[in-house]
Amino acid sequence: MSGSVFGKNFTVTTWGESHGKGIGVVIDGCPAGLELSEEDIQRFLDRRKPGQSKYTTQRKETDSVKILSGVFEGRTTGTPISMVVFNEDQRSRDYSAISDIYRPGHADYTFDSKFGFRDYRGGGRSSGRETIARVAAGAVAIKILEQLGVSVHAYSREIGGIKAETVDLNECGNNPFNMPDAEAARLVAEKADAYMKNLNSLGGIIECTVSGMPVGIGEPVFDKLDARLAQAIMSIGAVKGIEIGDGFMAARSSGQENNDEFYSVNGEVKKATNHSGGILGGMSDGSEIIIRAAVKPTPSVAAAQKTVNTSGENIEINIKGRHDPMIVPRAVVVVESMTALTLLDLLIDNMSSRLDGIIEFYRK
Amino acid sequence: MSGSVFGKNFTVTTWGESHGKGIGVVIDGCPAGLELSEEDIQRFLDRRKPGQSKYTTQRKETDSVKILSGVFEGRTTGTPISMVVFNEDQRSRDYSAISDIYRPGHADYTFDSKFGFRDYRGGGRSSGRETIARVAAGAVAIKILEQLGVSVHAYSREIGGIKAETVDLNECGNNPFNMPDAEAARLVAEKADAYMKNLNSLGGIIECTVSGMPVGIGEPVFDKLDARLAQAIMSIGAVKGIEIGDGFMAARSSGQENNDEFYSVNGEVKKATNHSGGILGGMSDGSEIIIRAAVKPTPSVAAAQKTVNTSGENIEINIKGRHDPMIVPRAVVVVESMTALTLLDLLIDNMSSRLDGIIEFYRK
Amino acid sequence: MSGSVFGKNFTVTTWGESHGKGIGVVIDGCPAGLELSEEDIQRFLDRRKPGQSKYTTQRKETDSVKILSGVFEGRTTGTPISMVVFNEDQRSRDYSAISDIYRPGHADYTFDSKFGFRDYRGGGRSSGRETIARVAAGAVAIKILEQLGVSVHAYSREIGGIKAETVDLNECGNNPFNMPDAEAARLVAEKADAYMKNLNSLGGIIECTVSGMPVGIGEPVFDKLDARLAQAIMSIGAVKGIEIGDGFMAARSSGQENNDEFYSVNGEVKKATNHSGGILGGMSDGSEIIIRAAVKPTPSVAAAQKTVNTSGENIEINIKGRHDPMIVPRAVVVVESMTALTLLDLLIDNMSSRLDGIIEFYRK
Amino acid sequence: MSGSVFGKNFTVTTWGESHGKGIGVVIDGCPAGLELSEEDIQRFLDRRKPGQSKYTTQRKETDSVKILSGVFEGRTTGTPISMVVFNEDQRSRDYSAISDIYRPGHADYTFDSKFGFRDYRGGGRSSGRETIARVAAGAVAIKILEQLGVSVHAYSREIGGIKAETVDLNECGNNPFNMPDAEAARLVAEKADAYMKNLNSLGGIIECTVSGMPVGIGEPVFDKLDARLAQAIMSIGAVKGIEIGDGFMAARSSGQENNDEFYSVNGEVKKATNHSGGILGGMSDGSEIIIRAAVKPTPSVAAAQKTVNTSGENIEINIKGRHDPMIVPRAVVVVESMTALTLLDLLIDNMSSRLDGIIEFYRK
C-alpha cells in the first residue's frame, strides 16, 4: 500500500494534509547542475494560490515554499530536493460539523472505509491543497524542460459548458478564469455569478499543449506517453476524463479522416493534420501534444444536501466554509505540472533506447 | 527504457511481435492455489480471435495458448506463469511494400525515430497482436476476481457514432459488434458495409462496468483507482480517451447535480445516483464502476493515402492486406483484461492499508 | 537516476545533507491505525546520537525529530508520514580546507565525478547524518514488527578485531561500544585509546538477530529475504560485507555439516542447528535470522594523508574536526533499522502469496 | 507478491521450473541496435552446462537457447527479448521419494509454508536450473558492457577451504573448477575426490572483478553500486555472504591502513591501493571492482540425513540422483551474469545524473 510516489526516474513523493503542519514533496532523481531558487518554485505556486478573485475560495494562504535540501550554492546537486509549504491556517477551527459526516462527492466515505478513520480537517490528505506539492515539483520539471526546448501551456478551454472559441494565451492573464478567449471569459463570469448565488458550482475542461518535444518519447506498450499522461492527469483530484488529440471525437470519425498524412519538406517529416494530438503508437510524433482533462464541479456546495453520518444515519447537511465555486482556473497549473513531470520522466527513460546513444554518452 | 511491464503486485511482462516467433506474457505475483488450465485462457483469447465475421480481419489465426510454467497439478504455484501463443502465420510474405514507408496513423515513424529501425512485418511490436498477451494475463486476473466476487463486463457502447441506447449484455453475443442493443447493431452493420465499400474504417466507444468491488480500493494521490485505470486503458493501441462515470459530461454539470447523495439502509451506506462512476477520491465507493474508452478508427485503410518514405520522399500508398474495418469489437475483451489487471493489482495493494488487517493476517 | 527510495510497499524516501537545513524522510505505505508519537522515534534517534562517550564524535547534536504529516490524533492515517530533524549546527564554518580536496576513503571524488560538483560541507549527502532518516523510518517499522511478534536486535560483535565471545544483550548498555560482552568491551576500550592517540580509527562487525518471523517471508529468486537484506545493509555508508548465518564460514564447511536437519515436535517443524541463519531458499525458515555486517574503520583520521585536490595536484592533508574513532557503536541502530524496513516490506509482500489468504481477507 | 523481476532500466523477468516445460527470461529495456544471435547466448550457457567433468552433476542437458522476440535482422529492436531453454529431461521420473519430505538445506519446507504446496520435481522453481535465465540475460548485458569498455571476470577463488594463491585467468579453463591457480586446482581435486567418496559436498568462494567502469556509477544512499551488487549476488541460490574489496578484513583494519590514498598522474586521479574494491560512497571509483561471494556446499548429499516429512513425522532420507558435489565452478558464470546485469542497470541510471548530459543528449 502506498500511492504518493510518482515517476521512475524523476521520482516525486508528496506528503501533507490540508490542516496539518504543512504540504511537501521530495524529488529524487533531479539531475545536478540546474540553477534553482525558491522564487522559481514560488512563481508557480502563486498561480494556484487562492483568493485571487471572487471566483475562487476567499481563504488567505500565502503558500510560501522553502527548499530544505538538494540545492547548494544555487544549483541542484543531484541528491533529493525536499520542499515544504508550512500551513499557516491551522487555527483550531471547529470541525465537529464535518468530522462525522460523509460529504457527497468527497472522499470522506472511501477514506474511512479504507483506513478505518481519517484526518477530517479540511479534507485532510484528499484536500486540493495536496496539489501544492505537485506544482512545486512540476516547477522544477518545467525549468528543466525549458532547457530542452520543450514548453507546456495549459488553460481553461471550457467552463460551465461555455467554450473558448479562440486560443490566445496572452488573454489568460486578463480574466480570473485562465481562459484564452475574452468573450468566453465574460460569459463564464455571468454564469458563475448566477451559480454562486444559487450556492452551486461549475466544472469545465482544461486543455494543455506541449511544443518542442523530440520525436519518439514514450515507451511502446504499457508506458506509452499518452498512457502515462492519462495516469498523471487523472490522478488530479477532480478530473473525471482525459483525451489526447481528437479524443472522443476520433471515436466518431473515420480512418480516412482521422489519419494524419505525412509529408516531407527538405527531408524533414511533418504531418498535414494533427488528429493524433502529437502521439502515435504511444510515442511523441513531433507535432504539438494536445491533452484535455474533464474537471467535475466543486463538490463543496453550500446548498442543503442529503447524506449519511458515520453512524449510518440519514441526515441533511449544509457545508459551510470558503470553497471554490469552480476548480478549473486553479487546476490549470496543476495540469501543467503533472504533464511536465510525465514528459521529463519519459525523456530520461528514452536516453537508453539505442545502444549507440549509450556508447556515445560514455565515450565523452 | 522499458515499458512492457505492468503492475506492482500482479506484475505482467509482455513480449512478441506480430510476425515473429510468437506473443507471450509472464505473470509474476500470481497467488498460489488458483485452479488454472489452458482452456481458462483460451476462452478469452477466442473472444479477440480474428475472422469471426466479415467485420473483422479475415486472417486465420487460431492463437492457441500454452502455459509454460507456474502451474503444477492444475493449480498455480505462486511462481511466474509464462504463457505463449506461437505465431502460425510467419510465411515469408513480401513486406517490401511497407518496409520503407511511414503509414499514416501508425507507429512506423515514431518507432524508427526512437529505435533507429523497426521490425516492419505486420506492425512488429505495435501490432494489435500484442494484446494477445494482455488478454492471456487478464484471463488469470478475471478468474481471481471472480473468486473475490468482482465481475468485469465490457461491450461496444458506440460504433461509428451509433450508440447502444439500451444495455443488455446477453445481446452482445448475438451480433458481430459486441453491442448490447440489437437495433444499434443493425444500424452499425449498415454503416460498416458502406464504409468498407469505400475502403474506409470506423471507431467507437467501449464501455466497461465492474460490480462487486469492495469499498476503498485504490490509493490516494497518484495511484488512484481511476488514474491507474486510465493508464491501463490508454495503453491499448487505438485508445485516445478515457472517462469515468459521467466523465466529460460532468465538466458541463453543476455541483448540485453531479454530487451523488448518500443514504443508508439498515446502516449500509448507498448512493442515490452514480455520476462518480463508482470512484470517489480515487477509491472505489461501492457503486458500479463505469469506464468508457474512445477507440479511433482503424488506421489501415485501403484507400490511397499520401505519406513519406524512410528516405524522406513524398509518396502515395495503398495499404494491402486483411485489416479490421473496425477495432472496437475485438478490443472489448482487451479493455476487460486491462481493467481486471488494474483492479487486482490494487486489491492486493489495499491488503496492507490497515495495521489491524496485517496483524489479523499473521495471527492466523 | 535516483537512489534515495527504499522498499516497495513500506516505501521510504530520504533527503538532506549534513550541514543543510535538515535531514528528513517520508514513509509512503505505513498502514493506518498505528499509535505513533515523536517520542517513539526519538528513542531510536537518541541511540545514534553523537557525544555519548569519548569514543564517538564530540559534536553536540540533539537531533530532535518532528512528525509533519500522516499522524492524526495519535495514530497513523495510512497517508505519508513526513519526519524531519532540523540541523542545529549550521554555523558558517570555514570549509575551504576540504572544499577542493578528495579525502581518502570518502565519497568526495566519486560525487564530483558523477555530479560535477558537491555540497562539501561535512560530507553533504554522503555524511553519516544521512542515517538519521533511516533510523526514524526504522523506528516506525520496528514498532509495527513488535505488534506482529517480530523483534530485531543488533550489537557490536567485534571491534578492532576483538570479538564478543558471549552475547548478553543486557550488557550492551553498560559499555560505550554496544558490546554484549563486558570483557571484550574492556579490551576494545584499551585498543581504542591507543588508536585514538595515534590519530587512527577502528572498524568492526555488527551482528543482528531477528526472532519471531513467520515462516516463508521473502520471495523466491531476486527478492529473496537475504538478497533484500544484503542490499539494505550494504547501503549503509561504511559497510563492506554482509553474511547470513554461517556466511563465509559455510564456504569452508561441507554439506553434511552445513545442512540443518529438520525434526518435529508434536507436528511442529524445527531445525536441529541453524547454519542457514534462519533463511532457506530466500525465505525465512522459522529459526532466528542472523546477519553480520562488516564495517570499515572511520575514514576521517587526523593523521597526515596523501591525496589530490580538485585541480589534480598531489597534496598532503590533515583532516580536522570532531570525528568518530569508530563507526560501529552508533551504526548498530542503523543496522536494526534497515533490517526492520526490509522485513516489514517483505511481510507485506507475502500477504498475497496465496489465493485463499486474499479471499479470506476480503470476505471479512 | 512477486520477486522474479530484476532491474529498473534493463529489466529482467525470469520464469520456469527444473522439470517443467522450460526455463526462460524476458529482458525489457535492452537498447536497440545490438547485434545479437543465439550463439552469443549459448556461449555463456555452455559455461554452466552440467556434465563437463566428474565434479559436476552427470545429468545430460544441452540447454539450447531460443530467442523468441526482440531481435530483427540480427539486431535488437529495443522491444522485449524473450529467450527460452526448453527442458529436455522431463521424463516421468518417480518423485514420490521427495514429494512429501523436506530436504535439509533446501527450500522445500519454506516453499510449502509460503505457498501451501510446491512443484517438487527436481526442486521446481528453487532448482539451480533457474540460473539458466540469469545467464541468458547476463550474456546480453555482458555484450553491451564490452562495447562500453567494461569487462567482468569471475573465477573460483577458494573451494573446500583451498585458496587460489595466484590469479591467472588463462588457467581457469585448464581445470574443472574454474580456478585461476593450477596447484590449488590440483589440491581441490584431491579433496573433492575424498568428499565425493564420503557422499559429502564442498563450498567455496567466487571472486569477480570488473575493469573499465567509468567513475561515478551507482547512486548515493539506497541504490549504491555495492548495495545493488549485494542484492544481485545474494539472490543466487547458495550464496550466503558477499564482500567488496577487503570486505570482512576491512573490519579488522585501521583507518590509516584501509584508506586508499589518491595521487595524480598528469591530472588523472588514481589510487595507490584498492582496499575499497573500486567503490567509494556507493559509486565506482575508477579502480578495479572486486566482489567475493561465499557459496555454501551443495545441500543434496547422498549420505543419510534426518528430517521430517510433510505429515510432520521424523524420518531418515537418502537423496538419490545426480547432484553436483560442489556448486562453485558452475556458479562462476552466474556471478558474472548478475554482476553485469547490475552494472548495466546502474550505467543507464547514471545517464541522467547531470543536466548538461541530458541537454547534450537531446541537442544532437
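In this document, chain identifiers A, B, C and D correspond to the written order of the chains, with residue numbering beginning at 1 in each.
Everything that follows uses one rule, which is that a residue touches a chain if its C-beta (ideal position, glycine included) is under 8 Å from a C-beta of that chain, and two chains touch if they have at least 3 such contacts.
Note that the structure is predicted; figures quoted are calculated from it, not measured.
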{"item": "Intersection of contact partners for subunit A and subunit B", "value": "C, D"}
{"item": "More contacts between chains, B-C or B-D", "value": "B-D"}
{"item": "From the options A-C, A-B or B-C, the pair that copies A-D, where over half of the contact pairs coincide", "value": "B-C"}
{"item": "Per Cα centroids, the chain farthest from subunit A", "value": "D"}
{"item": "Distance from the mean Cα position of subunit D to that of subunit B, given in whole angstrom", "value": "38"}
{"item": "Inter-centroid spacing, subunit D versus subunit C (mean Cα positions, whole Å)", "value": "26"}
{"item": "Cα-centroid distance, subunit B relative to subunit C, in whole angstrom", "value": "44"}
{"item": "Where subunit C touches two or more other chains at once, by residue number", "value": "1-5, 9, 14, 29, 31-33, 78-79, 114-116, 125, 220, 348, 351-354, 356"}
{"item": "Subunit C residues within the subunit A interface of the complex", "value": "1-5, 9-11, 13-17, 20-22, 24, 26, 28-29, 31-33, 66, 68-70, 72, 75, 77-82, 84, 114-119, 124-125, 348"}
{"item": "Residue ranges of subunit A touching subunit D (in the complex, touch as defined)", "value": "8-9, 29, 31-34, 76, 78-79, 144, 147-149, 214, 220, 347-348, 351-362, 364"}
{"item": "Sites on subunit D touched by subunit C in the complex", "value": "1-6, 14, 102, 104-107, 109-111, 113-116, 125-126, 130, 158, 160-161, 195, 198-205, 215-224, 226-235, 237, 240-248, 250-264, 267-269, 272, 276-277, 280-286, 294-301, 303, 305-308, 312-314, 349-354, 356"}
